[in-house]
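The following pair of complexes shares a single chain, subunit A, combined with subunit B in the former and subunit C in the latter.
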Partner chain A sequence: MEAYIRGTGIVSPQKTFNTHDFLTEPVEYTTNSLRCIEPVYTEFLNPILARRMGRIIKMGIAASSICLKDGGVPIPDAIITGTALGCHEDTEKFLLAIIDNEEQFLTPTSFMQSTHNTVSSQIALQLKCMNYNFTYVHKGFSFESALLDGMMMLEEAGIHNVLIGGHDEMTEKHFKITSRVGYWKEENVPTMEIINSKTEGSISGEGAGFFLLSNQKSETDYAKLLAVKMIYQPENQKDVQSEIIELLKEKNLTPEDIDCVMYGISGDVRFDDIYYNLQKAVFGNSTSVYFKHLSGEYQTVSSFAMWEAAMILKTQTIPVCILIGENKKKEIKNVLIYNTYMNTYHTVSLLSKC
Partner chain B sequence: MMTELMDKLKGEIITQLNLEDLKKEDISDDSPLFGDGLGLDSIDALELIVLLEKNYGIKIANPADGKKIFQTIRTMAEYIEANKK
Partner chain C sequence: MDKNIYVTGIGIISAIGDNVAETLDSVRKQKSGIGSLDNIETRHKNDIPVGEVKHTNAELSKLLGFSPETKITRTTLLGIVAAKEAMESAGIKDVKEFRTGLISANSVGGMAMTEMYYKDFLNPEKKGDFVDYILNHDCGDSTEAIANVLGIKDHISTISTACSSSANSIMLGARLIKNNIVDRVIVGGTDSLSKFTINGFMTLMILDKEKCKPFDAERKGLNLGEGAGFIVLESEKAAAGKEILCELSGYGNANDAYHQTASSPTGEGAYLAMEKAFKVSGLKPADIDYINAHGTGTGVNDLSEGTAIERLFGNKVPAISSTKAFTGHTLGACGGIEAVLSVLAIKYNMVYPNLNLVHQMSELTFTPVKELSTDKPINHVLSNSFGFGGNSSALIFSRH
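Showing the complex of A and B:
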């Protein structure tokens, strides 16, 4: 079960919506909550329709439009998204209106836009695409669930291309609530120095990342997606390491074959050792890369990592801003992404050069 | 009195329907709200029904009446004047 990444589109706290630019000017923040740099939406949306849409819907539509254009496919055979929080801003609006107006005078717009599958359905409405449309809401596994479904659809459903997306937004209220349970750093740390942080909590982020997957090879493909794995609440770090080695074995690979490993290092002292231990124990000879200092932490952040991985494999360059140490390899053939969300949801994706 | 009400209504409509690019001056008293005029649609009609009930205490019992009531800013204001509690 493999798939070719033919197109990408990503809206993130970096200037990523131009598909040709690969982090040439990384934006550094000194805050514990990163917001997306958004494109001009009138390029993607009729303003009359856009006025009703929340930020994450517009980000999702923009990212998916960029992706489809990049992949040269106007209408995909399926649209599958993953999100943990859905359209959180509109959900908050609707719930607050219920409370403020004592369950009276509820307006239709925030209700319609507040469901988790609004982004994938709005993309379908924009494209007039009546094909398979699904949204996975599985917290830290949401994006990988969408990927897995997409790969299975390509394998078994007799279709040729699938639009896959991962999207989540951060709102002021949600940030405050999750701050109270210790998700985020209390202090502001410059994002490029987050890797050296020794305090608890990470920096929050958000984004919308879309990929056009195909089961047919083309000359413009970014990379080949070989495998996706999800590990829920592993008993210990050795379990994760064994699972990763097992996954590599299934693909006739060894840790030595992995040229670059992308770690979800977030600057949270509670979790970062998980990555360093994997690096020491298994991938000492691979080039190490990290990504959350550019995107922030959120449940579908691995979509941002997958964009970086696809760009690394296509351009055969690793921007200095994401390198840990030095680039040990001249050619990057295989990239492994390993991420954990709060040490509960562990995900692994394996990509190779086309 | 009617002019003040129409001005107030324009502000409320801009806020309720997220017409961020419009100012009150851009909305004429007698231009159609739906179709060729302001370009509102059926979802906006639902929002306007809620607006009348919430801000003016007016319930539209017969949805068919909406077509006449929501024709223009002026027809809305006249309906509010005639029915407000």
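Showing the complex of A and C:
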């Protein structure tokens, strides 16, 4: 199971759409909650439709159409998304209306859009795409579940291109609520200082990242996706390390072959050692990169990381703003993304140069 | 890729019983579970009948041997009951013997708790244990809890595609085995009633104020329900030496791409999903002995589904019924619950009656089965599930 990444479309807190620039001038914030830089939606949607739609639906539609255009495929053979929270803004809106109006005078729009598969459905509806359509909603495995499904789909007869997305939005209320269980930093931190913040919690984020995966090679591919792995509640960090080494072995690779490792370092003092330990124990000779300071933390953030990995492999450059230490490699052939959500969900993706 | 997928275990809880035995008893007695709403405080309590599981959360906890104070959502409790039964019925004692996965599904995660405490969540002055429920909101949370109870670690995930969610989790399970990612997988879904869902369907004006009448010309809408249904899928290697209940021979998913919540008049998505399921199974429509329809009882669904079925089966539609008048529409769980019923249909050569059906729909030529039948061999069952966003799924179960 391998797939070519033929197109990408990313809406994030960075300038990642309508540009060929690869983070040469990252947008720097001083905050504990990052929001996306949103496109002008009339480019992608009828304005009347856009007005009724929740923010994440619009971000998803924009990112997916950028991706399909980038990949030169108008209608994919499957649409598969991953989202931990779904259409949270609409869910919240309907829930509050129920509570505030004591279950009276309600209108259906936000309920209809609150369903977790609304983004994948609306993409299908816009494209009139009647093909396979799935939405995974498993916390820190949501995006990887979609990726794995996409790779399995590409093995099936008649399937050539699949659209895979990861998307999650943050709202003011949900930020407040999840602050109560210690997810986020209390203080505002400048983007480039997050890595050294040494406090509990991370910076919240959001985004919509779409990829067109294909089983046919093309001239303009970004990279090849070799493997995706999900590790649930490992007993200890050694387990994760040996699973990663095992995965590399299956692909006839050793840690020495991994030129660049992207770590989900979030500045949360409770979890960051997991990454540093892996770096020390296994990937000491690889170039180290991090990404959550630019995107914030969210459960499908590895979609943002995958975009960075695809760009690194395609452009053969590593932006200074994501480097930890120096770039030790002249050529980047293999990139490994390792992320953990709350030390419960661990995910690994392996990409290589085309 | 053309591996056989064996069904070796089933587990179910719904308004018609806490387990397989009680469910069988209810369908044999043609006893519907639709009735009053007791466990949720809502303004609409007396306006709509529902298919409710008649246990409080504390009672469900007790049933599972948990302390009644345990902070577990209803969705999770129902899921554990059914998934545990499925695993036990498959005779799985050592989870580590084979690579084992759990794929669950639901529509609104921990909403039944979130809606109770939402204002308190938002008020930092308000302190207490309820804060723990914040972590239960995500759809993946119940799957995680079920996996932890069952000791499953090799592969877990959750699907949410509205009312086709758990049919899709079953389909994914089969594909995971075929792709050699797991050797066996517990698949299905769970959903509890919530004020959120009740009010949502109220605004759509598709709830029947009486007991629902799927495929009746005078149908007025659906009855909501709750519950969980799981089945165990195993590869040939893992199932060796076991009693095989049946095989999952076909599956298909397609999108109607017509409207966010309503299905197309011609049932395009439904048609494509069934067509794909036939392709995977290598069967023809004439091979099907029973169709367990999605049949919600809404004007739009039953016409759309019926039309799609006629397009595919012509004038030779086999025995068909919707079991929603027994259980209510259990949303994210219905594909799992109806999978269990489909497996039982094969095991006991049973066709369930489509309760409350009186008036023939003029648009359709077929008439669903009105009385329980047990005298005809049932070798292949088609089970449909359709959801918001045009999500359409079909599964085919076949005698081993």
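Keep in mind that, in the parts below, the second predicted complex is superposed on the first by the 352 of 354 C-alpha atoms of A that agree within 3 Å, B and C clash if a C-alpha of one lies under 4 Å from a C-alpha of the other, contacts with A are read in each partner's own complex, and residues count from 1 in each chain.
By our rule, a residue touches a chain if its C-beta (ideal position, glycine included) is under 8 Å from a C-beta of that chain, and two chains touch if they have at least 3 such contacts.
Predicted, not measured: the structure shown is a model, and the values here were computed from it.
Chemist: Should the superposition on subunit A be reported as showing a clash between subunit B and subunit C, or a fit?
Modeler: Partners fit side by side after overlay.
Chemist: Going by the contact rule set out at the top, does A:Thr107 touch subunit B (first), subunit C (second), both, or neither?
Modeler: both
Chemist: Looking at A:Arg51 after the superposition, I want to know if it touches subunit B, subunit C, both of them or none. Which is it: first, second, both, neither?
Modeler: first
Chemist: Applying the touch criterion given at the start, work out whether A:Asn327 contacts subunit B, subunit C, both or neither, answering first, second, both or neither.
Modeler: Neither partner.
Chemist: For subunit A, which side has the bigger count of touched residues, subunit B or subunit C?
Modeler: Looking at subunit A, the partner in contact with more of its residues is C.
Chemist: Rounded to a whole Å, what is the shortest Cα gap between subunit B and subunit C in the overlaid structures?
Modeler: 8
Chemist: Quick check on my understanding: which residues of subunit A belong to both its subunit B contact set and its subunit C contact set?
Modeler: Common interface on subunit A, subunit B vs subunit C: 104, 106-108, 112.
Chemist: Which subunit B residues qualify as touching subunit A in the complex?
Modeler: 16-21, 39, 43, 46-47, 50, 53-54
Chemist: Quick check: in the complex, which residue numbers of subunit A touch subunit C?
Modeler: 1, 79, 84-86, 91, 94-96, 98-99, 102-104, 106-108, 111-118, 120-122, 124-125, 127-139, 141-142, 145, 148-149, 152, 155-156, 173, 176-178, 180-181, 230, 232-233, 299, 344
Chemist: Give every residue of subunit A touching subunit B within the complex, in rising order.
Modeler: 47-48, 51-52, 101, 104-109, 112
Chemist: Would you pull the subunit C residues touching subunit A in the complex into a rising list?
Modeler: Subunit C reaches subunit A through residues 1, 42-44, 107, 109, 111, 114-115, 118-119, 121-122, 124, 131, 134-135, 138-141, 143-144, 147-148, 153-162, 168, 172, 175-176, 179, 181, 195-196, 199-200, 202-204, 253-261, 268-269, 272, 387-391.
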